[in-house]
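Residue numbering begins at 1 within each chain, and the chains themselves are lettered A, B, C, D and E in the order written.
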Amino acid sequence: MSESTTESVPSIEVTGVSILLDVVTKRFPGQEKPAVAGLTMEIPAGKIVMLVGPSGCGKTTTLKMINRLIEPSEGKIVVGGNDVTGMNGDELRRGIGYVIQAGGLFPHMTVATNIGIVPKMLGWDKARIAARVDELLELVSLDPALYRDRYPNELSGGQQQRVGVARALAADPPVLLMDEPFGAVDPITRLRLQDELLSIQEELQKTIVCVTHDFDEAVKLGDWIAIFNEGAQLVQYDTPERILAEPANEFVEDFIGSGAGLKQLTLTRVAEVGLGEAVVGKPGERAADVLSRAETAGHGHAVIVDERDRPIQWLSLRQLERLETITNVPDPKLPVVGYRATLNDALDTMLVSSAGAALVTGRRDMFKGVINVKTIMDAITKAQGAAAVQSANAPVGLNTGVFQAAAAATTGEPAQP
Amino acid sequence: MSESTTESVPSIEVTGVSILLDVVTKRFPGQEKPAVAGLTMEIPAGKIVMLVGPSGCGKTTTLKMINRLIEPSEGKIVVGGNDVTGMNGDELRRGIGYVIQAGGLFPHMTVATNIGIVPKMLGWDKARIAARVDELLELVSLDPALYRDRYPNELSGGQQQRVGVARALAADPPVLLMDEPFGAVDPITRLRLQDELLSIQEELQKTIVCVTHDFDEAVKLGDWIAIFNEGAQLVQYDTPERILAEPANEFVEDFIGSGAGLKQLTLTRVAEVGLGEAVVGKPGERAADVLSRAETAGHGHAVIVDERDRPIQWLSLRQLERLETITNVPDPKLPVVGYRATLNDALDTMLVSSAGAALVTGRRDMFKGVINVKTIMDAITKAQGAAAVQSANAPVGLNTGVFQAAAAATTGEPAQP
Amino acid sequence: GCGLQPATAFVPALGPGSITPVSGVDGAELTVTSKNYTEQLILGKIAVLAASAAGFTVNDLSNVPGSQPARELILSGQADLLWEYTGTAWLTYMGQTTAIPDQQEQWQAVYDIDINNGLTWGAPAPMNNTYALGVRSEAVAELGGITTMSELAALPVEDRTFCVEAEFNSRPDGLNPMLEHYGLTRGAADGVPDENVGIYDTGAIYSATDSGACNFGEVFTTDGRIDALDLSVLEDDLGFFPAYNVAPVFFTETLTQYPELMDVFAQISPSLTNEVLRSLNRKVDVDGEEPAYVAFEWMKSEGFITDPA
Amino acid sequence: MLDFLGNRFDQILFSSWQHFSLVVQCLLLATLLAVVLAALVYRSKSLSAVANSVSAIGLTIPSFAFIGLLIAPIGFGVLPAVIVVTFFATLPVLRNAVVGLSGVSPAIVESARGIGMSRFRTLLQVELPIAWPVILTGVRVSAQMVMGIAAISAYALGPGLGGFIFSGLSRLGGANSLESVLTGVIGVIVLALILDLLLVGLGRLTTPRGIRV
Amino acid sequence: MARTRWLAWRGLVFQLAGILAAFLALVVWLLTAKLTPTELNTLAPDALWGYTVEHLQLTLLAAVIVLALAIPVGILLTRRPLRRFTGPILALANVGQAAPAVGVVVLLAFWLGFGFWAATVGLVLYAVLPVLRNTMVGLQQVDPRLVEAGRGMGMSATAVLFKVELPLAVPVMLSGIRTALVLLVGTAALATFINGGGLGILITTGVNLNLTVVLVTGAVLVALLALLIDWVGRVVEHVARPKGI
């Protein structure tokens, strides 16, 4: 595996390698239908690919064939350019990170031992293992001094999950496989862990294949989402945006569930849409001056910012008329969103504000502009338009074998480059 | 209990009775702080009151004191005008419905036996019990012939919950207590069960006290919501609308969580807001006629309805220009919402439709008008204005005792009539 | 209660023979006890059958492990009847040290003492079941053709190995005094060291001796296996063991209530000769029959009882 | 062997029945005792722990030693056997009854109370029926165990098949002694199987469909 | 955490204290009782010690054989190729368990002759099942996800067995071993019926000769020995239980 990490990939930071499932089939003994039927699927290096689908559709089987915890019955699997179908399974797995529910931590080993287990198998010396353990604990936001020597049952579910991720990353594998990694933690922790995974990924750029049954999670984490039906039949393999905007068929629509529109809002950030201009005033200015500037610009409101450009009031023309000078008392109910917020957050803020719009702040809470419902509607329309055009570098994904006929019949056609 | 059901209450259909907690305190042995501290709370007859608050704040304790599963340490409890603090607890409970998670069904008894158990204790004869069981099963939408003789483990979680409700209603008690009744079922079933509870309540008009940890559920089900803090300190006791619009303090705001605006949208139905007019055409008409009508009205679109007035197309002026005659081919992507849908649903539909508006249909899917983002924003603003005025018949709710000072300090003031 | 009876309580159904129901008994309860080796089991069953034929409802408490417990049962009145040996009573229970050579006098002696203990001895049988040491015949030559117990002392220490039962191991007429009598000290390195003594169940000694687990097995002279396994019996040439005539012992209170019991057993005792017992024992130990059936057949053949009507 | 069985058919039948009867009667008694005890302790954590320790430690006492100890004050016969068998039969049932009763979901107990059942009624109508399969498992464990203990109790003249084993032992080397022991051993195993089947059947009959696993 | 650990230790301390107290009571009773010469003879301290040593020898030798036999077989039976025999073997063993111990011991005497070895084999047969069963149950109850996690990070099947499965199975296995040892102590008392030695002789002698003191001493010593072994087992379980579970 170690050589393959140096495979030539577009960006230098990407440490992940690509994976190719090449017409892979898995038939379990005594099972009539194959669990995975002639699946061909490309997983691009350095990306997060989410596998979703109804229970029993073959997600886990697909995932486990990549590290050969399950041996494929037919077909071959190529990781980082090397066909791994023939190599020693144990060695293969030492080079691939694997995370399961609740981390799959060994309860009889401390956090440090758990994390250090693969490096130990690889023959690292003690000092190096210890250093690596601490580094990884930092990476997953756990204080090494505090957590190194704890046992898994002395950690919360979320902390266990983090240690699980740290363990999977121990030997710096180019590929990470995750099977419903956040299935066992409460919704709030889950959101935090997802954010953390995204930020870790931003730094490490591994290739991550992740099974989930939560479509929202797939939308949030995935660069690409593969929607499976029974027999690991690839119903749609596309970006979250396109799946939301252009579900391939009714099966996918049902899978997305209600609220696709609101879900799309979570995909775009305020920073990505065009903000409205605003007339800006400062405390101490004469209200009349500000009023006239607003009237000239044809605006109904003016934004008052403090000395650091942070918005403190949002005054209507009527309010300005009644004022002498602008005060510096901040309005606690000011509808403010950060520019990293999603459109969903922005819409919510607007609704409560009753102004039908919200103020956007950037770094150090500096005022950046105004966002209103119109902006959001436009952004959505544009996103949908963009999604209608399929991206050129979409990875391959199709099925052959017994399911192919059925797939073609029900799916229209599977995504193809 | 039975006499108290005839208590004179405003409307004849209301079979529920009012409940009064009169400066009730509960101190558990070995516990420093009281679990419920001097709580006074009125629960109006025939209404649904939701108790929410952080874990361990005393919701369950408050609820269980009403049927004396937990004996209050101090204070008295009046149900339907009778002080029940002194009466035999078992008898009291036979006259109060009680529903907990997963129905709390007895696994070793059939559905019929479970439901009939209170009537049996009350000495009803067999025929009457059997008839009542069937009546109740119908009420909760379960076919008696199919479900009467099943055991709880042969039912889905949602069905179990319904049987639990049926059992609680068996002896036609005026009061129903529910402790996180829908906590154990999946989100979709949960929504259905909530709707069902609302429709049962519409018919029966019981007094329902319901504990939940899901604020959205409280908003959906409650006529009144009581928000507790530690020690069953009543932080706010008000209608859902007012709590969303005017949270009493930061604690309540945090509790509502993000998305208060979107939550408010769920409180209003499309039927309750003013819809926009639309130019209507029929298949077979000349497109130019419809176009000219639309231009006259100053509209950008025209709605095409079929012979039963159901919308089938929504054409822009440009589309009309290009047409000869109007066809009768329905557009599968038409953004349609029913008039019983919430504004939240409407907004979602609009977002996906990319038209920034949606068509509203009434009974038998007949076209009723157009709803757009502006309408929604206006509705919200109006609702917030209305909520700012406190209703005159708000029930009493306050705390005395050790928590009072703290309450006053952090809460502003508790709701008072 | 509840229909439960002791382990070996089974007896075949029977009809009256020369023993006929005693008037006034009418199914009154009578408890018979016995010790737990073959001869006692057969005798116990004989007593049970006789008492049944006499019209008693018999509670069969035979097969008690050991002489002392059996004695205890009858002394305390928990049992009403027990076949006991004169020598055993004299030396073991009554703590006497020298036996009386004349068998009738010996009987009289124990009768006289026990009558004060609330027990009444019935007529003794001719049979005399004394202890003896058995050697497997193949080994006699290796042991210098040993025939008498006085020759024991001449054997090398490692050849002085014994198989005994727990009871004999610690009885006043048992192993240690016996060895003493023949000039050997139990537990001494130059006598009979402890490891030379194996403790076995009463009935297990014969096959243990035969298989060579030890050279000398403690045997009962009326046991059928002495012949069957071809064991040679050492002569008690210095006369250590007394006479052990068997006799029915009654709990006096019961006997006063049903004096006819004495006559019933007086019918039986004279028939119990050494030969009879040896053949009966043999049927059980060698031929593998059940004591209950053996007793039944014998009683029938003697005419005491008949098959059930 | 067949001869042996044929010749003593009525005796074997008698002893088997005695053995079976002893075990079943003692099991009934033990179950009653254990359930009553469990009902007294299961609400208290510490009392439950005590009951569990008693059960665990009681089971370490060798049955043969216990029989020996009983012979001294009680003597021979049926009574010591009944005491020993009942004692050992009670322990697993007690443990399971405590586990079963405290394993009843508090939600179910609460809802029983919540619909107006009294404590006793809740115990009788809700908790015991729900705990019953667990209790019955305990009874099965007991049954298997005391089958063997009943055999040892024949040393104190207890009823049953143990007599065959001990008389086989006392006639060891003689004809039919092996048969006798085998009869005792196999008879006990067969009885244990039969009783187990009966208990399984009883379980089927007495466990409502709703709590079958 | 710390509290439950202390509670467990407290239980152990109580148990040991109870055993010691009972033993002291026995000694005091023996010292003050009026003993007949036979009783004195049988209960002489070195005789008692001898019986106890014999009893322990029987128990421990049988235990060692049982462990050496049952643990490897138990492990093998949970490995994939042999897994299908698990059910039948357990069923067979369960039937065997109903066999009365006295009977088994006596039958072995028929086969192997009287003495120590017959007794040992009988004991082994009798105690093999709990260890075998607990070894299998212990291994089977290891969360399959942990095995998968181990395999998933590249441990070989053997490494997973020794580093993950066995350590996690230890508590269950130990409790089986403790049960077996306690059974062995009790069953070894039956060895006396076939001249296998041990403390059982005190019971039979006590009964046969109606020597209540001997009988009680024997019975109490066997019971105390069983409790002591149980205690040792518990201590070992406590100490050997992997931290973190």
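Throughout what follows, contacts are C-beta pairs under 8 Å (C-beta built on N, C-alpha and C of every residue); 3 or more make two chains touch, one makes a residue touch a chain.
Listed by chain with UniProt protein names: A, B = ABC-type quaternary amine transporter; D, E = ABC transporter permease.
Since we're looking at a predicted model, the values are computed, not measured.
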Steps in the shortest chain-to-chain touch route ending at chain C and beginning at chain B: 2
Smallest count of steps, each to a touching chain, taking chain A to chain D: 2
Of C-D and B-D, whichever chain pair has more C-beta contact pairs: C-D
Chain whose average C-alpha position is farthest from chain A's own: C
Averaged-CA centre spacing for the pair chain E and chain C, given as whole angstrom: 39
CA centroid of chain A to CA centroid of chain E, Å: 56
Rounded Å distance, chain D centre to chain E centre (Cα mean): 21
Interchain centroid distance [CA atoms averaged], chain B/chain E, Å: 62
Touching two or more other chains - residue numbers and ranges from chain A: none
For chain D, residues contacting two or more additional chains: 71, 155, 162, 166, 169, 172, 177
Multi-chain contact residues (two or more partners), chain C: 65, 69, 72, 201, 204, 208, 211
Interchain contacts (touch definition) - all pairs: A-B, A-E, B-D, C-D, C-E, D-E
Chain B contact footprint on chain D (complex, rising order): 107-108, 110-118, 126, 129-130, 207-211
Partner chain D, residues of chain E touching it in the complex: 11, 15, 94-104, 106-107, 109-110, 182, 185-187, 189-190, 193-194, 200, 203, 206-207, 212, 215-216, 218-220, 222-223, 226-227, 229-230
Touch list for chain A against partner chain E, complex: 67, 69, 90-95, 98, 100-102, 104-110, 117-118, 121, 151-154, 167-168, 177
Residues on chain A engaged by chain B in the complex (per definition of touch): 258-262, 264-265, 345, 347-354, 356, 373, 377, 380-381, 384
Residues on chain E engaged by chain C in the complex (per definition of touch): 38, 41-42, 109, 113-115, 192-195, 201, 204-205, 207-211
